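Letters A, B, C and D mark the chains in the order given here, with residues in each chain numbered from 1 onward.
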Amino acid sequence: MTRVAVPIQLRWGDLDAYGHVNNATMLRLLEEARVRAFWSRGGEGTPDTAVIEADPDAASWTLIARQEIEYLAPMPYTSEPVVVEMWLTKIGGSSIEVGYEILSPDRSQLHARAATVIVFVDRASQRPRRVAERERAAWEPYLGEPVAFRRG
Amino acid sequence: MTRVAVPIQLRWGDLDAYGHVNNATMLRLLEEARVRAFWSRGGEGTPDTAVIEADPDAASWTLIARQEIEYLAPMPYTSEPVVVEMWLTKIGGSSIEVGYEILSPDRSQLHARAATVIVFVDRASQRPRRVAERERAAWEPYLGEPVAFRRG
Amino acid sequence: MTRVAVPIQLRWGDLDAYGHVNNATMLRLLEEARVRAFWSRGGEGTPDTAVIEADPDAASWTLIARQEIEYLAPMPYTSEPVVVEMWLTKIGGSSIEVGYEILSPDRSQLHARAATVIVFVDRASQRPRRVAERERAAWEPYLGEPVAFRRG
Amino acid sequence: MTRVAVPIQLRWGDLDAYGHVNNATMLRLLEEARVRAFWSRGGEGTPDTAVIEADPDAASWTLIARQEIEYLAPMPYTSEPVVVEMWLTKIGGSSIEVGYEILSPDRSQLHARAATVIVFVDRASQRPRRVAERERAAWEPYLGEPVAFRRG
């Protein structure tokens, strides 16, 4: 199983009054990693997919249906980018689940684990649309185990 | 079981390029509802707690350990505040779990369900601290059923 | 000259690592006050205008051309809303300038002064459009003196 | 006169409902560029200064006293980082003014011009403190002309 690793630049403004990257902002970092990983602009090492979530004018939209995140260690501001590793934990009929691990710049510290369920929606009908065979084939190399959440 | 209902003013800037309140921003709304519900500044109808998460100078800190959210209907910008209903789904040894439902201003639409695990940390030792009896007694009226997530 | 006063709910997440409302976030508060003051949804005491800045589907768009802000006193988190007072400092051919004062909830502390130049743009042509006579008439009661910036 | 150029990664979440980088968010980008340029962590090509604005535990704080920004062209999301060029437009007794130009990744498009007045504050006394000779000497190579705002 292949993971996609995306470097994400932190911002000092990501910190909250506790001096760590804010818990809600962590989802913003995941969003950015996801956009960079799945956006079909020919980044190397990324899935060759239809546009996911990045382009509001695309014929196919994505909706975030569910997110789960476990915070393992507070994240300080660093000028070096943190690393978001991503893989697919499920390819459903009209949805996928993305798994994440968020690591310090040198990958020595795991800060959080997370998962996002993305539903594909036809823009005209506003109804879920089937994952295409082309997409399924492109994504299969990235399909791996579920996120190792500590709960349950 | 008593729920706490907190009105939260949306901001037009909460919208993303899809024209709905952004998925990460939804956790920001929950954070604000939580701060307003649990902050011991004598809001009426709110738990009589030690300070939770609002004051970085307090002797006791809180850490967000886990969050889960299901998005049920896209949330548009409204000038009327949305309503965040909160209750406790668990009171643990050194943590609590907060359940949420995020509703449209007139409560006719359920936009999301969510849960947050909060761990109490002693500021000096940076170690989890026990929930005090006083806190447990104050919180029990708010203890209710788990969040009705659709997953498993 | 009439001012419009809009209460804006702060969020704990508006604080940065210094424990005050972040300097960039202050413009977010002004944006929200502006949207609430100028949005033509029949709020009482607000100018009867065409939609300003709130509706991306409107025939007429607005662009922010310039902003200036002086920070006078750090703004702490307060559960009571801060007050943004607004008036017009100029009605131009295809633009207006909005002046602001941002006050503590009880208006005893002036936190910042600011000004925003808004240009009206025809959505089809993407060119500036003239301020209509109807708009000018509706706005004149709000026309007042320039913002009392300390610089030059 | 030397300029400091800092690449800043955009986030899809920086876009607002108009599909462009939000006007308030632009100040967030400037903040990040400033932190990266002035933070004394040995970035190459950056002023050798005392810590500016990045470390809330530093003996010397900075306050943002004033900001001004002119928006020249809407900024779309790009996966390549935008470039923030910075220089000093003034070195005062206890303050400096930073000038900025925000450019597209290939520097072909100027998106905004801006200026920030930063006041240095002694953390113990909470009073402005003098710019040290060492700082003044380190900053002089970066001292240049005022920002070419179009307003008066």
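Rule of thumb we're sticking to: a contact is a pair of C-beta atoms (placed from the backbone, for glycine too) under 8 Å apart; a residue touches a chain by one contact, two chains touch by 3 or more.
All figures in this text were calculated on a predicted structure; none of them were measured in a lab.
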**Request:** Using the touch rule from the top, work out which pair, C-D or B-D, shares more C-beta pairs.
**Result:** C-D
**Message:** Going by more than half of the contact pairs matching by residue number, which of A-C, A-D or A-B reproduces the interface of B-C?
**Reply:** A-D
**Taking each chain's C-alpha mean as its centre, the one farthest from chain D** = B
**Request:** Mind checking the centre-to-centre distance between chain A and chain D? Centres are C-alpha means, answer in whole Å.
**Result:** 30
**Message:** Taking the mean of the C-alpha atoms as each chain's centre, how many Å separate chain C from chain D?
**Reply:** 24
**Length of the line joining the C-alpha centres of chain B and chain D, rounded to whole Å** = 35
**Message:** If a residue has to touch 2 or more other chains to count, which residues of chain C qualify?
**Reply:** 12-13, 17, 19, 22, 24, 28, 31, 56, 77
**Complete:** chain A partner, complex, touching residues on chain D are 8-9, 11-13, 19, 28, 31-32, 35-36, 39, 41, 43, 53-54, 56, 77, 79, 81
**Prompt:** For chain D, which residues are in contact with chain C within the complex?
**Reply:** 17-19, 22-25, 27-28, 30-31, 56, 61, 63-71, 74, 149, 151
**Prompt:** Contact residues on chain D for chain B in the complex?
**Reply:** 12-13, 15-17, 19, 22, 24, 77
